[in-house]
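Once you scroll down, you'll see the structures, which are given as structure tokens.
Each of the two complexes below includes subunit A, the first together with subunit B, the second together with subunit C.
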Partner chain A sequence: MMSDWVIQTDHLTRFFGARCAVDQVKLNVPRGSVFALLGRNGSGKTTLIRMLLGMLEPTRGSATLLGEDCRLLSPATRRRVGYVAENHPLIDWMRVDQIEDYQRSFYPSWNGKLFATILDHFELHPQAQAGQISRGQRAGLSLALVLAPEPELLIMDDPSMGLDPVARRTLLEAMILVTRGAGRTILLSSHVLDDVERVADHVAIIDRSVLRVSAPVELFRSRVKRWQLRFAGEAPPSPVIAGLLESRRDGRDLRLTIANPSGDIEQAIAALNPESMEETPLSLEDAVVAYLGRRGELVSLLQSTRERQGVA
Partner chain B sequence: MAFDFNISPGNSTPIFRQIVDQVRLAVATGKLSTGEGLPSVRALAEKLLVNPNTIARAYAELSRDGFLEGQPGRGVFVARPRQVYTKAERLRRVAPLIEAVVNESLSLGFSESEIIEALRQRLASFRRNP
Partner chain C sequence: MIAIIKKELRENIQWAAALCAALGLWMIWAVSEDSLSGMGLIGAHIWALTACGFAGAGFILGMVQVLQDRTRGRWAFLIHRPLSPSRIFAGKVLGGLILYLGTVMIPLGLATLWMYTPHHLAGPFDWHTLLPRLADILGGTVAYAAGLHCAARQARWAITRLMPVVSAGLCLLAISAGVQSGALTAALMAAALAVFLIAAWGAFCSGGSFENQPWFARAAAAVDVGAGVVISVNILAGISVVLLSTMGVTRNEEIQQSALSQYKIHSTGQVLYYSQKWAGMDDAHGNRVDDWNKTLGMETLALEAPTNLTGPYGGEMPQGFHDQGAYMERAIDEHVGRMWMQGYYVHSRRTIEIYEVNSRRFIGSLGPDGFLPPDQTPQPFAQPVRVARQQLIATERDVYETRHFENMRKVFTAPADESIIDASQSFELKLIFVVTQSNLYILMAANPEAIAPTELVWKEPIRIPLDHGFPPYRWLNIGRPSVDRYVLQYTNADVMGLAQPHLPDWVETASASGEITQRIEVNPQPARYSSIDQPRFEPIGCVMPPCFLFVFDGPSREEFLSDTFHGAPTAICTLLSAIMVVLIGKRYLRSSAGVWIWTILTLALGVTGLLAMMALHQRKAMLRCNACGKMRPVEQNQCPHCSAEFPAPAFQGIEVFETAQGLVAD
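And now, the complex of A and B:
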């Protein structure tokens, strides 16, 4: 029987010298999902992906890809996985058609029609030399190379980085296209949250090497809440509340963003004695930023600049 | 003309909720009429460029609430209007919205008759362009 998980990790850990890049990550990626891995630059996303693909040894812990140990992936399993690496590395001295021939030789099946269609969408000529094409076209070519074998699992490391809006749109279309195949899974890391909101049904958030969230998108969104409070006088300092992600204080206003608020959260907030309090809805980006920012009481860059210049 | 969805990511309203709200409003205002067909989950996902699971969830909720019905092998259609909720439940659902409208209007300094007139005009606009 096929497993429900295409990726499973347990206590997956990687050190580089004394620095821990991935810290005891337990991740389950369900078959058929579009799973977005979110986190700031340097948070450990690429290291995690490279371990999943067997390109990097874990220091501790375990990981499986399509049911196989990531350290011992067989060629047959590797062929079922497509990988779009960060920055779209290509063999720059080859022509597009030569790269296609080369790549095709590794796979038992190759959808040449799909390959040609994607090239066409990115206005790529088969005779063009890989070293001469634009950034968007590089993304298009690596996408075509990875999609043509019709992989069961597609892993993309920040595929939209540096793409113009048109190329980004085509990338989105390609991801939706992949979901046409039953049970095909995409794991992508990205910073473009509008696109993530369109295509992803699961999100995971990695913050400073630690996996903080892994959930269906809607569940994640429903668990992060924000209250806007206004006080008669100066707002009090940030209260101690379980799950407080962020608190912003500006004069009489206090804004609290809280993860997994408990049932009595409203009473806890009301105990601060605000003049008014209102729950305000968050966008996906608001919720993610609240997770990834610094903990505790925050001052925005704009606010601190204002105070420094004495315009507050 | 076919009903057109308009979704915007980055909004505080999730995409799945935007789709549900738009269908409900279109049915309520007659822009979508009983028996009219909607795109399949796959077709709408590819048109709006959103995950098909998101569309499927929106359609499932709309079917559960009696706005849409799936006909096996044929597609998704606007259902004959029926009340799946009791009057009491419907009142319970609309109460917070009425409270918000009244509170906000009063705090902005509108009189009772001005609020009622504004509601009347809004309702009339639906009668004018069904």
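And now, the complex of A and C:
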């Protein structure tokens, strides 16, 4: 029976020397989902992906990809997995058509129409040399090479890194166009939260090598709340609240972002005696930034400048 | 896999072309040098090119093939495809070998064609001379595999990355210097290639990690890298001693170089030998002889140790140029004038072919019937030629005398049950010596007053029985101190600086009729020469692997021990290294069996064993255990000291997991 999970990890851990890059990650990626893996630079996303693809040996723990141990991926399983690596590595001296020939020779099924469609979408000429095309076209070519064999699982490591907004949008459209309809699973690591919000239905956040979030996007958004408080005088220091992600003080204003707020959270906030208290809507980007930023109380740059001048 | 091969060919063709061009230029220079000597493909310059240049080209190609795929994330693009890493590796190797063969065979093929063309080589072109070069091509594949391994393996220290090429270099040097048989050379090269390719395959498929390779790949890598470490450490030790000697830290020590055998005949007929005790002569009983200045002047003539009897040609002289001394210049006829001549003995034809060096022109051939011009073919010698020296040419049965290839005449035929080993001529004494396994024959001129050598008439030979025979690695010096006696000295021959099993020297005197009149046996005395001082610094000598003890045998072993090894420092160093392996082995090795294996290897290899272990294995990362406070390896889930598991990441209350749908537990 086909498993519901295309990727499963169990306490997956990787150390580089004594530095822990991925700490006991336990993650399941459901079949058919577009799963966004989020985190700051160096948080362990690429390491996790490389372990999943068997390119890096886990220090501890295990992982399966399409039901197979990631350390011993067979060619048959690799055929079912497409991988767009960070920076879109290609063989630069090859022309686009040569790369297609090269890639096609490894796959028994090759959707040439799909490949051509994506090339058109990115305005790529088959005679263009891979080393001389733009970054956006490079990303498009990488995507076309990976999608043409029609993989069951697509793993993309920061595909929109370094792309201008137009190229990013084009890439996104291609991704949505091609993958959504086919019901493929996508594991996508990205920093562009706007894009993620458009395509992802599941989100996982790795913060300093530890997995903190793994949930459907809607559930995640529902579990992170923000309150905007205004006080008669200077805003008081941030209260101690369970799940406090971020507290930003700016003059009379205090903004609190809280994960998993309990029922009595409003009472706790009201105890601060604010002049006004309002729960404000939170975008996915705001929620993720709150997770990935500094914990606890933050003073706005403006407030910080004012305070420094006061001291001076 | 075809696609991989095509990609490798296209990707590395520019490297191969550049290397081919460089080798081509080198080949042009080498050919121009070697064609003058007429040695052709077995010339020293072409040998240097094919031995070093081909290996270098192979190594560079192997390195760049992997390094190109290691840069800018290309590894992921190469590896993640529906093909096993082994097949990707096989494709790379096949592509690389095709390029390598093209790189080296184009210049070699062109050079061969050039030499094959008449008037380009002062000698006949012989296809057999291509065989050593083919061995060098095979040797280059070993260097190619070493290049792959260097680039594919993870190396903790930058310098240890190059260890495989060091061991490959020594391996090729040892095979080319120590093996004469073509088949054995090919077999050893193939074995070396297998070891280096397995090591490279293991490193490639495991992404460079040593620990994740199968046992046989790890064993191959251990041989590959370990040998490189042993060699490098000892080379560095030698360089250090030289550098220290410039700072005056070392002390110079005379080394025993060879045995000294020096004999004279006293006017009374006694055999005297040189004594180091008082730098004078002793008699056979070891008594000092004060009036040793009354010894007779003795001209001696050395006959070669018959080592070529055990060589690949079974006593036949090697194909190629024999002693050029007598053939160097000759006025062949009026209209040709003076020329530089060379003779070339050709195995297949059993004739000696004569070439003019400057024009590389074939002058003619020499057979038992004498010299014939190029358009005529001489009869071959009846047996293989064993000696062609000065004016003498000796086969197993006959000795011929010639002068500038003319007036060829047979001067001696051995009895039916004897085979000629060597022959020599003293033109001053007007004597010819011929040695068989059991007898020495001396031919004396009946008309010593004759001026032209060709006018000499030889008398019936005097036979002196060689009671000791003529064992290998011996020299036979024959002297004639006076008209009525001969002296035969059997001494040891030091070959390649390695003293062979020493026999005593035998010195015999014989009467003019060939009867042995005196026979003494003397143990050769070691000679010490101050001119060959060697800087010594014992603390550095202790890096020598103790297993070398078992490599050397015989008298040289004691010399080796006393001169080079400095037993005590080496033993202490080895012991300390083994203790270090036990102490730090757990930081490098995954199993206790590994610690044992490396301890034993270190006892055999000394400090280089310890260094090889550290070069091969990745050092384990350690963290302090929260439970017991001791250091624990990060890859073990449980602390080896207190069995505590690694703590889960601290819960911060911000976690969002959809456990109900099984996304994440805990």
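Note that in this section the second predicted complex is superposed on the first by the 294 of 312 C-alpha atoms of A that agree within 3 Å, B and C clash if a C-alpha of one lies under 4 Å from a C-alpha of the other, contacts with A are read in each partner's own complex, and residues count from 1 in each chain.
The working rule: contacts are C-beta pairs under 8 Å (C-beta built on N, C-alpha and C of every residue); 3 or more make two chains touch, one makes a residue touch a chain.
This is a predicted model, so every value here is computed, not measured.
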Between subunit B and subunit C, whom does A:Leu27 touch in the aligned arrangement: first, second, both, or neither?
second
Taking the superposition on A as described, I'd like to know which of subunit B and subunit C A:Leu163 touches: first, second, both or neither.
neither
Counting touched residues of subunit A, say whether subunit B or subunit C comes out ahead.
C
Per the contact definition in the header, classify A:Ile118: touching subunit B only (first), subunit C only (second), both, or neither.
neither
Of the partners subunit B and subunit C, which touch A:Glu218 in the superposed model: first, second, both, neither?
first
Of the two partner chains, subunit B (first) and subunit C (second), which one does A:Leu282 touch, if any: first, second, both, or neither?
first
Using the superposition on chain A described above, determine whether A:Gly17 touches subunit B (first), subunit C (second), both, or neither.
second
Per the contact definition in the header, classify A:Glu197: touching subunit B only (first), subunit C only (second), both, or neither.
first
First (subunit B), second (subunit C), both or neither: which does A:Ile176 touch?
first
Intersected contact list for subunit A, partners subunit B and subunit C none
Quick one: which bits of subunit B touch subunit A in the complex? Just the residue numbers, please.
9-16, 42, 45-46, 48-54, 57
Of all residues in subunit A, those that touch subunit B in their complex
34, 169, 172-173, 176, 179-180, 193-195, 197-201, 217-218, 221, 280-286
Would you tell me which residues of subunit A are touching subunit C in their complex?
4-5, 13, 15, 17-18, 20, 23-24, 26-28, 30, 50, 53, 55-57, 59-60, 74-76, 78-79, 81, 83, 85-87, 89-91, 93, 101-103, 105-107, 202, 210-216, 219-220, 223-224, 242-243, 245, 259-260, 291, 295
What part of subunit C is in contact with subunit A in the complex they form?
2-3, 6-7, 10-11, 72-77, 79-84, 207, 209, 212, 621-623, 634-637, 646, 648-649, 652-658, 661-666
